Structure formats: structure tokens, C-alpha cells
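Following: one structure in C-alpha cells, then a few remarks.
In order of appearance the chains are A, B, C and D, and numbering begins at 1 in each one.
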């Protein structure tokens, strides 16, 4: 069975079609976690609000990490908060994705010189897409979420789960938690 | 007995006040919906619907830049890096590099207010999502060239807003061309 | 009371314990010795005519050239509609001062913040521990000579190129 | 922190629970350590600092005009007021005159911002108590304000509009008309809000007589703004220590009257905010009718070097007194900046009033005190 799974660069003949079906379902029910740390959280709220209405794409906010697929780093991340966010990330069930929203989560942004702010979410989390803006408009966030949908669409998820591949982007940090 | 009466009174008030609220909610069935169906079901692209002063992603027109670095001096967070070198033979100033780190920018508009030649400005573009954060370090100089020398009293020829930045953010999944765009060739050659 | 009347009144009330700043430079604060700090604040807060019951702001400023930390309390009275700025200076190394939390409860958190960011400890404070930074943080960031550590729990504090 | 049961001797024990920093009803990243006996709390200890960004240290390495965009982030729900407080401080330090039109524009933009901020607050109070619909309705209204403000200054949340010496952009008549149109629409929404939620019996029962803050406590702990007024202290900086063009305007200051319970309970804090919406509308209308022509920014050089000295300047923000203490040493950069914010003091009172509350009531207390993380932590 393992040999069959391993076949081919793009995935295997057994799991390929199942993957497509699963991806279709996963793509259209992208639940993000209601979790904002700073200014971007306001735009995150507006995204779920009536003007942008992220529900149109099946993107619904969930209050708990156990039910959500996407972690949106909405705002400045301080060192005090970083270990908590990593903890939340570990609590989410695979497959999971991370969006860095706004300048602070991208690179630390305007607080790069500050003593208390982590210079970018990718220093302790595997970030999939980066949204520029300070804060980004709610439509930018929808664009970012739609990029995650594109990523899901092409992903050979079952193969990854089978072979237990680790995310190469994930910076494992000892002693953070 | 009084307590029992109060209990039922409270239930009655609850039902009454809740139905008041429900009436308001119900009236929304007959109001105009306000959702903007971004991205594809709008009458025109959203960037065209944004107000005139809207501060989107920064863009720089190489044909107008004089390399004076007023903008980078005004920037409180140093997210603009300008490299101007003097050609020893012709005494011309060559603009080698003009990098704006959009991933760090805070969209305050101080650089735009500082620029006297309308070379740097906020476009209305907001769709800049990328998969590699280094791609947000955008080098607006494709070919090192002499800096612009605007004549006095002449209005600069402006390109349409957003036409410069759009091509740099076109392919969202492309990796950064160069790991660090601090090298001279750090553009997004596609 | 107008600000001049209040200053005259406080001068009469406190006698020679205070040092007034140069009024010609536009300053309107009084500086007291750190030993009298608590008693004078107590007097001003409870005095009927002053009744400075509201601690508007309480903060510290680091002056490394003078080797001192200046504590500044902005007080105000809602009933009399006047305010007074009280200051004291303590040394940087042995940064200890009496707590004001018995006089104004608002000072409990302001003092915790000063302890956290400037490293001033307060005698008899009910709950003196770090408030803004993590418990295992090294140093007091608002001191002028503060240097940040290179990593915090494995996260680098500068962004790698 | 894990949940632990602490033995207190004599067969008494208490449960130590952790709430936050990620909790749907803690308004950003706040954390509480709850010491409970069953459902009843012994005390709730707030732990803050999860959004401490070192704004005060950053000021020491930026120029005065360069620090103004940072002040947007002091409180992102009311960025206008932080801009204004800081600009006002520098103006009084270096004697800069603000043109009258700029002062009117500051008032209009500020009151719009207050409405936007109160919209979020009122929505969050109701959402924390279980009603989601008003939150969505108010978000819709907030979007219109965001559009108006974006048309005025280009950004939706972090405006960077009020500058040292005036404001950044002028407003044209068309914009003022749009604001007036919005006010006509919004005043009807306020009436609607009364029906929709304010006197809803469930909400009243959840908030009346819960977590009463007496006037003495409120003053002692330094509560400001709507929280202070709900406790019966009649104080508003706009009226009592006037700045800008507020002395020329006519408006009421709503104070808590114990409408459904005791003065200073959660319901008073809620209803004071609802009443303030109407007063803000009134102020904006007066400003639009009286706004003069003229400059929008005073005579300010590009490099601002205030003389040596210090100043404390404050404005009445949506969460009350938002003050900034600036020490200048005569150079281009501030020597020390300290923000005094309403949420910081509002957080400090929670430990004092939490004894005997239910855990569900704590959510009402946090929501009605309107604490928001960036202001407590800065």
C-alpha cells in the first residue's frame, strides 16, 4: 500500500480522486478562528460583518481552535503572546493553515524596533500567505482566504497525511511553550 | 404571591421586548442589502470604487524619481531603501535601487507628502497577498538608469494610478526571485 | 481654586518641605524629598481645601546623567476643579520609594507599571510584580541604557535577513 | 496555566481558573485568573501585557511628526483622539496656533470616531451577553463611518488625520453633505436600537444591579469617561475643561441615573454610551452648520523642536480621558512619552469589584467597562 501511495510526483492513483473530493469539501468550508491581537482584529470583525460577508465563501468564524482550519495572525504579536499563539496552533487539528495579516504579523512592521514585539509571525509559525496592509482592508483578507482555498484545491492532502510529512516551513522552537 | 406575580410579569415583559426587537429584525427583510460582492460580482472593480484619497500599496515611478531620498528620511520606520551612485565619468547620478518594504510599511503617507516630484504615491491597490514575505520587498528600479531631472514649471506626466505596482504583485504563488533583495539585482524579474 | 491660589495655599500648608520649580519657565509642579513623598501626598489628598482625590497620571522618567529617576504624579480634584503636579527624585541604583496605593487605589497599577518598566520598587505595595512584560523578562525597558536580549525563549529578537 | 484546586484549610477550597488570553469575550488579548467557589467568584485577577508594544519607548527614537502615525495604534478604535491628544500636547509645548477650520474638522472627525467606537462597544456588550444581531447591525453602521473617514483621510482604521498644528486634509462640501445624510440615517437607527436591544428584558436582567461601582471607588481608581459618568460623577472634559471648539458647542452630558437598578451598575454604563451617540450626532450637526472657511494647518515647520519642558494634555475620547505626558529636552525627539488611558484604570478596578460576582457576570463587567487591550498595554 505504501508503495502505491508513494508513486508519482503529484500523488498516487489511489488517493488522487479521493483527494479532489475531500479538497472540494475542505475548500468550501474554511473556518477561521476568531482571534485578533491588535488593529487588524477590527478589520477581521468587519470581514465577518454584513458589508464583506465572508460567509459567502463558507468562511465562518469559530471561537475555539479545535473547530477551526485557519489561524489568522491579526495584529501585533508580542513575546508574551507568542507562546500562547503557538499553543493555540498546536491545538488546531490538521490540516491547518496560517495567514499573516498586516505588517506587524508579516515582519513586525512599524514595531520592528520595539523591544516587545516579535518580528514576524514566520519566526515561530509556518505562515502560508502574507497580506500587506496596516491594517489590510476586509477585502484583502478575503483575498488571502481565497488564496488558502487555492492552496487547498491543489494539495495532495491524503498523501501527506499518509506519509506523515512535516511542514517544512514550520520553525520548531524549543522552550517556547 | 407577589413573587409569583413578578415572575410571570418578567416573562411577559421578556416576550414583549423580544418581539419589539424581532420586529426591527424582520423589517430588514425589506431593506436594501449592503453586501459588496467582492471579488467578481461588483459593477466595476473595487479599486475603482474606492475614494480618491484611499491609501493603498505604495508605488514609485522611476521616470519621475530624482533620487533625493526625502521620502526615506521622512519614513519613521525606514522601510524605503534608496541607492544612488554617481557615475565617475559622466557625473550623472544613477538610481540603482529603490526598494520599498511593503511588508513593513504602515501606510501613513508621510513619504508621499514629502515627495516634491510626485514620484512616490499611494495606489489604490489592496490585493497584495503573497506566499513569500520577501516578495513584498519591491525594487521599483528594473534597470539602473540616470535619475530624472524635472524642469521647473513643467507638470510631471503621471502614469495611471496602480499601473506600476500591479505587475509586481501579479503572481501570488511565485517565490521571491532572490532570497534577499538587498543585492543589486533584487528586482522581481519575471 | 485657580492655579496660583492653589500654589499659594499649598506653600502655606507644607511650609519649607517643598521645592518649587521655576514659575518663570512655566513650570507649575512642586518637588518633594522622597522621604516626605507619602506624607505630603496624604496631606494633599485628604486636605479639605485641596481634596486632590483623583490621581490622573503617575509615571517615572529616567535621567541617567543625574543618576536619578523622577516620579511624577498628576493629581486633580473634581469638586474644586484644580490640579497639581507633584514630583520626587530617587536614585537609580537603590530605586525604592513609598507606595501611594493606600491614598489613591489607582496607584496600585501605576506603581506596578513603574516597577516593571523602570525598576523602581515600592515599600508596602500590596501586589508588586511585573504587569506588562512576561515574568521571565530581563531588564527594565524604559531605562535609557536598556539593551534587549538576543533571543526570548528561542525566538530571535531581530529579523534575520 | 492549568486549572488547579487550592486548599485553603478548614475543608475550604477554591478553584483557580484561567480565562483568556484567547477567549471570545475578552475584547482582544486580556487574561483573567479567576478564583472561584463554584459559580461564584472570590476574585478575578486581570493579567495584562499581551499587547504591550512599547509605544512609549519607540517615541524616544522617532521625531515628533513621525510619532503621530504611531499614536493611531494607541487605541485603534478611536485613533482620532490619540492623534489629537498628542498633537495638542506638542502644540501647547511649542505655541502653535490651530486654525479654526481645523478645529471644527477635528471635532467632526473625532465625534464620527466616537460613534464608530461606541458602535463596537455597544455591539460587543450585547454580543457578550448573547445577542448577536445588534452587533451585526452596528457593524453595518460602522462601515458607513469607515467609508466617510476613508473618503476624508484615506484609511479606515488607522487614520493619521490629525497632525501637529491642524489636520492633514480638507473636507469639501460634498463630504459634509454625506456626513449629514449619514446622521439623518443614523439618528433613526439610534431610536431603533432602543427597541431592538436597550430595554430588552433579558439584557436588563443581566445588567441591572450587577457590579455596582460607587462614585468614590470610581474616582479613587481613576475611572474616566462614560464609566465615571455612569457612577454619577458629572464630568466631561469637553464641557468642564474645554479645548478646541467645544466651548462654542451646545450638548448634554448623559450621566448614570440608576434607571433600572442602582447608580453605577452595568446597565448604567451601557445606557450612558447609547445616550452619547445622540449627543455626538448633535455636535456634528452644529459643526457642519458653523464650519468656517480658512486654513486647515497652522504655521508648522517640517522639523518640530519644542522647547525644553513638559506637558500633560488630554482629550475626552470614547473611553474617557485619553492623556499624554510628553517631556521634551529641546531636540527633535521626545525625551519621554507616557500615555494615560481609560482602559488601564478600568482594568485595575475589576479585581476590587469582582468579589461575589458570577462568572457570567464578569463578562458583562468587562464588556460594559469597555476595556480594550491596546489601551491597557500600549
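Here is the rule we use: a contact is a pair of C-beta atoms (placed from the backbone, for glycine too) under 8 Å apart; a residue touches a chain by one contact, two chains touch by 3 or more.
A quick note: this is a predicted structure, and the numbers were derived from the prediction, not measured.
Trainee: Chains touching chain A and chain C alike, please list them.
Mentor: Touching chain A as well as chain C, we find D.
Trainee: So, what's the distance in Å between the C-alpha centres of chain D and chain A?
Mentor: Result: the chain centres lie 31 Å from each other.
Trainee: If you average the CA atoms of chain B and of chain C, how many Å lie between those two points?
Mentor: One centre to the other, that is 42 Å.
Trainee: Using mean C-alpha positions as chain centres, tell me how far chain C is from chain D in Å, no decimals.
Mentor: One centre to the other, that is 24 Å.
Trainee: For chain B, what residues touch not just one other chain but two or more?
Mentor: 34, 76, 106-107
Trainee: What positions in chain A touch 2 or more of the other chains?
Mentor: Correct list: 50-51, 80, 107-108, 110, 112-113, 115-116, 120, 134, 137.
Trainee: Two or more other chains in contact with one residue: find those residues in chain D.
Mentor: Residue numbers touching two or more other chains: 49, 52, 54, 57, 69-70, 140, 143, 158.
Trainee: Show me, using the given definition of touch, all chain pairs that touch one another.
Mentor: Listed in label order, the chain pairs in contact are A-B, A-C, A-D, B-D, C-D.
Trainee: Show which residues of chain A lie in contact with chain C when the two form their complex.
Mentor: 79-80, 82-83, 107-108, 112, 115-116, 118-120, 123-124, 173-176
Trainee: For chain D, which residues count as touching chain A in their complex?
Mentor: 21-22, 24, 28-29, 49-55, 57-58, 61, 69-70, 73, 76-77, 120, 136, 139-140, 142-143, 146, 156-158, 373-374
Trainee: So in the complex, the part of chain C that touches chain A is made up of which residues?
Mentor: Where chain C meets chain A, its residues are 132-134, 137, 141, 146, 148, 152-159.
Trainee: Where on chain A is chain B touching in the complex?
Mentor: 50-53, 56, 100, 103, 106-110, 112-113, 120, 122, 127-134, 136-137, 139-140, 142-144, 146-147, 150
Trainee: Which residues of chain C touch chain D once you look at their complex with the stated criterion?
Mentor: It comes out as residues 25-27, 53-57, 59, 61-62, 72, 74, 78, 81, 85, 104-106, 108-109, 117, 130-134, 141-142, 144, 146.
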